[in-house]
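The structures considered in this document are given below.
One chain, subunit A, appears in both complexes that follow, with subunit B as partner in the first and subunit C in the second.
Right after this comes the complex of A and B.
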């Protein structure tokens, strides 16, 4: 009897995969996604025109604009699509149907996370192909930018997890504001060490340290400048940065799952 | 219904026209231009980095493109006051590896603003941030060469030559600056080093060979003419031959020219010549 029941309960990844696939399909039907993608592709294309206004290396400008476009539009996609993912299911009440099935809440959140991540991976790939093609057409080697694109992907993974965390506990507007604030704080985290050096009190100094270690240190993952100038990264940087980024995203996702488990829908 | 549509269309047309007229009128107004004062509050790159949220290289590009347009406007008076700040403090801090703004800023300072020292300071800062970029001291050397400060130029070309990966032209320029400065012995030593250096290319060796011949010719002619002059002053007559100069210890030996031919002394005028000089474009 117990064996028979066990046979009927699907493994957790089946539900996660099904939700992720569904999220992916749903997200790529979203108009805002196309709008952002078209905007990014237009910007990457127009970087050629902007580069004409420079004196010196035009490819440097194209690379900078291209990488920033991939990053900025990736973040916008993660925020705008991510914050409404869970909320939509609650608003449409489809969450009840879903959770009535043998799907645990954490599987639902994790599935949503991987679904959005797949969308972002597709977006980043399309934008990168456009940028690499433009550079290749101009005779410049684009391959040195690959580590920077990978790090942008890691940054987007964290932002997706953060967007999902806030989406699990509040409405889309608040979630968008909170995710954007986390993004800004994450990019300013390095300045907290400068602030700490100027703060006299122990409590102030400890607060700076706390915020510095709690917020995502996006500055640690940013290698756009190094990639564009072809500067060699310190040995072991990439594995460490990937481990840090994925570890941070996993922690946030875990918290999101816990909070969602405790949420009362009645 | 048709009348309402017509009225609505007319209203829209009127609004578009009035907006266009207003825009044109605004453009024609002679507004007070802030000129260089607008740069007074341009913050340091480190502060702009805070606002860039991880896109500091993009901000550096945008500031650079803006600076090109700004400094291309020759109507602005006294526009050079903040060049060092814009190119060194703002763009340089945002993207320390960005080479183009540093050399362009230095060029504006030394050529247009006629402030060579500020231009050199900017290039020095570029080198401090990028110790492998030989282009910075190389350009500094050229700026000093144009000002005929050959000895300082030699120092900068030497600095460029000492950076791994610097092209052979940097060593040629260093040796050439010693020649221009009239430091013949230093120049001879530098050109000999160019020949002896295993990293030198064929062109450098050929140029160095020609330079060595020319400098040796110059040095010998100067030595012989000086000896003739001293002989005339002390003996109240001209020497009959170069051998006589040697016999009377005015020169240590009778040199041969770079073609291994003897120098010629005209005993009537005291003039010393060499047939090699014509080939070398010298005497």
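Right after this comes the complex of A and C.
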């Protein structure tokens, strides 16, 4: 028996930070990220041209296209990078040496989550700076868009957790399909309430309610229209939406950690 | 040689397997394939222990259970008295998997820095340690080269640096010589011997028996998930001459006090177990008009033991010298 082995185990955040940094490095050295970022910046830049071809307030159209670009390219990054995060480590067997260290599996999953979140934060920041600069250049105040950008960040946090959950249990293709399906379902969750109103049976109604509350409520977090048109948000909306989004992501991450804990790497 | 305690006494063992069993799902998820079946093994601190066996014997599964990558279905595994699932147990080990593949987007220095961070080493310690380890494995000039540009041998050496950089008490190596050229194999052998001199425990799997014979204190031979023999090399393999091999050209005597190992054209290779029979054979060959081409005194090697235990008789093999 060797004395003081427990003392050699570093605090949990040490491994989480190291894995997050490594994940961040991996993503920013991947060409796909730059490809997506360039597409997004081109789209934001070209929104000025699109606005000229459209009837309406040009600045509002630029804001609308800009926020949509930030959201769509953020989601694409989260899905494309997120679904292969864990799978690649298993497939290439890099996880063997990693988990042979004094690292707990939940620390590995959490580190991956924060690494991808850092990449998305960088992405969203760069795209937002481009959009804000374009609006500033045209003399329009961009600051009213900040809550919408924040909500996009919350949405991406949930998608990252969902992508990581699927990446922990299946291959990247299935994980991408499942994550994309979750994203679409989350945005169409309102339709479940319409469906519920048309369903006669109690069981059907309960099922609609169940799915409505289980899928992420992206439709409720989406405030792009309000931000673009300057519509005032209900009082207390932002703190509640942030708490809901972070709570949802935390639960999904917890499930991913539990499932990952039981895996054999054979 | 270090004293080896009884296998039953595993209280202060570096590694202890007790009745460990592991089965995986069969092809298409049908049935169960037993990879390790009732494994009992004890490795003492300071030993170099070789886990030998043919492909599919269960060596890699054993090592994966030891490093916590795979959970056993039954039995107990202990690393310095703790289960592998306990990070405190893994704090004392360094591990190099078989055919390692590392992050190709990292440079050699970033790679070692990452593993040092995982172990909680501070920035100052990492700055001092990373170049020192790269120097130790002969990769100092490759510090800023991405691993994607590394050869297999270089990846293996870097993997070894990763396994020993934190000065672990126990180093676990899965087929460390696999795929290496003779110089690479010698380097790995030297490193293991260096670890032994430093009082470290080394547990490695291999199917390259020559290397195992040169560096192991004890070995276990695994076949179909079971240990078929284990012990000190000195006890398993005799250093005395055990038999003679005689090559005869031309006619053979009618009555041979020897076993025929092989025939190749006009030459016959015989095995003689007793020195008295050897003298009788020489006389008989002379009388029959044959010619003794060569005579080799042989001792049992680890390979012979391996083949014998796996029930592939030595006699069936044609020797080349």
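In this section, the second predicted complex is superposed on the first by the 259 of 266 C-alpha atoms of A that agree within 3 Å, B and C clash if a C-alpha of one lies under 4 Å from a C-alpha of the other, contacts with A are read in each partner's own complex, and residues count from 1 in each chain.
Basically, contacts are C-beta pairs under 8 Å (C-beta built on N, C-alpha and C of every residue); 3 or more make two chains touch, one makes a residue touch a chain.
From a predicted model like this one, the values you see are computed outputs, not experimental measurements.
Undergrad: Clash or fit: subunit B against subunit C, after overlaying the two structures on subunit A?
TA: Result for subunit B and subunit C: fit.
Undergrad: Which angle, as a multiple of 10 degrees, do subunit B and subunit C span at the CA centre of subunit A?
TA: Reported to the nearest 10, the angle reads 160 degrees.
Undergrad: In the overlay, answer first, second, both or neither for which of subunit B and subunit C A:15 touches.
TA: A:15: touches subunit C, not subunit B.
Undergrad: May I ask you to name which of subunit B and subunit C touches more residues of subunit A?
TA: After superposition, C is the partner touching more of subunit A.
Undergrad: Touching A:141 in the superposition: subunit B (first), subunit C (second), both, neither?
TA: Once the two structures are laid over each other on A, A:141 reaches no partner at all.
Undergrad: Return first, second, both or neither, reflecting whether A:46 touches subunit B, subunit C, both chains, or no partner chain.
TA: neither
Undergrad: Mind working out whether A:191 is in touch with subunit B, subunit C, both or neither, as first, second, both or neither?
TA: Only subunit B; A:191 stays clear of subunit C.
Undergrad: A:125 contacts which: subunit B (first), subunit C (second), both, neither?
TA: Neither partner.
Undergrad: On the overlay, how many Å separate the closest CA atoms of subunit B and subunit C?
TA: For subunit B and subunit C in the superposition, the minimum C-alpha gap reads 33 Å.
Undergrad: Considering only the defined contacts, which subunit A positions touch subunit B in the complex?
TA: 50, 53-57, 60-61, 64-65, 67-68, 71-72, 183-184, 187-188, 191, 218-219, 222, 224-225, 228-229, 231
Undergrad: Please name which positions on subunit B make contact with subunit A in the complex.
TA: Residues 50, 53-58, 60-61, 64-65, 68-69, 95, 97-101, 103-104.
Undergrad: Applying the document's contact rule, which stretches of subunit C touch subunit A when the two form their complex?
TA: Listed in rising order, the residues of subunit C that touch subunit A are 11-12, 24, 61, 64, 67-71, 80-82, 87-93, 95-97, 99-103, 105-106, 110, 114-115, 117-120, 159, 162-163, 169, 172.
Undergrad: Quick one: in the complex, what on subunit A touches subunit C?
TA: 1-2, 5-6, 8-11, 14-15, 17-19, 21-22, 25-26, 29-30, 92-104, 264-266
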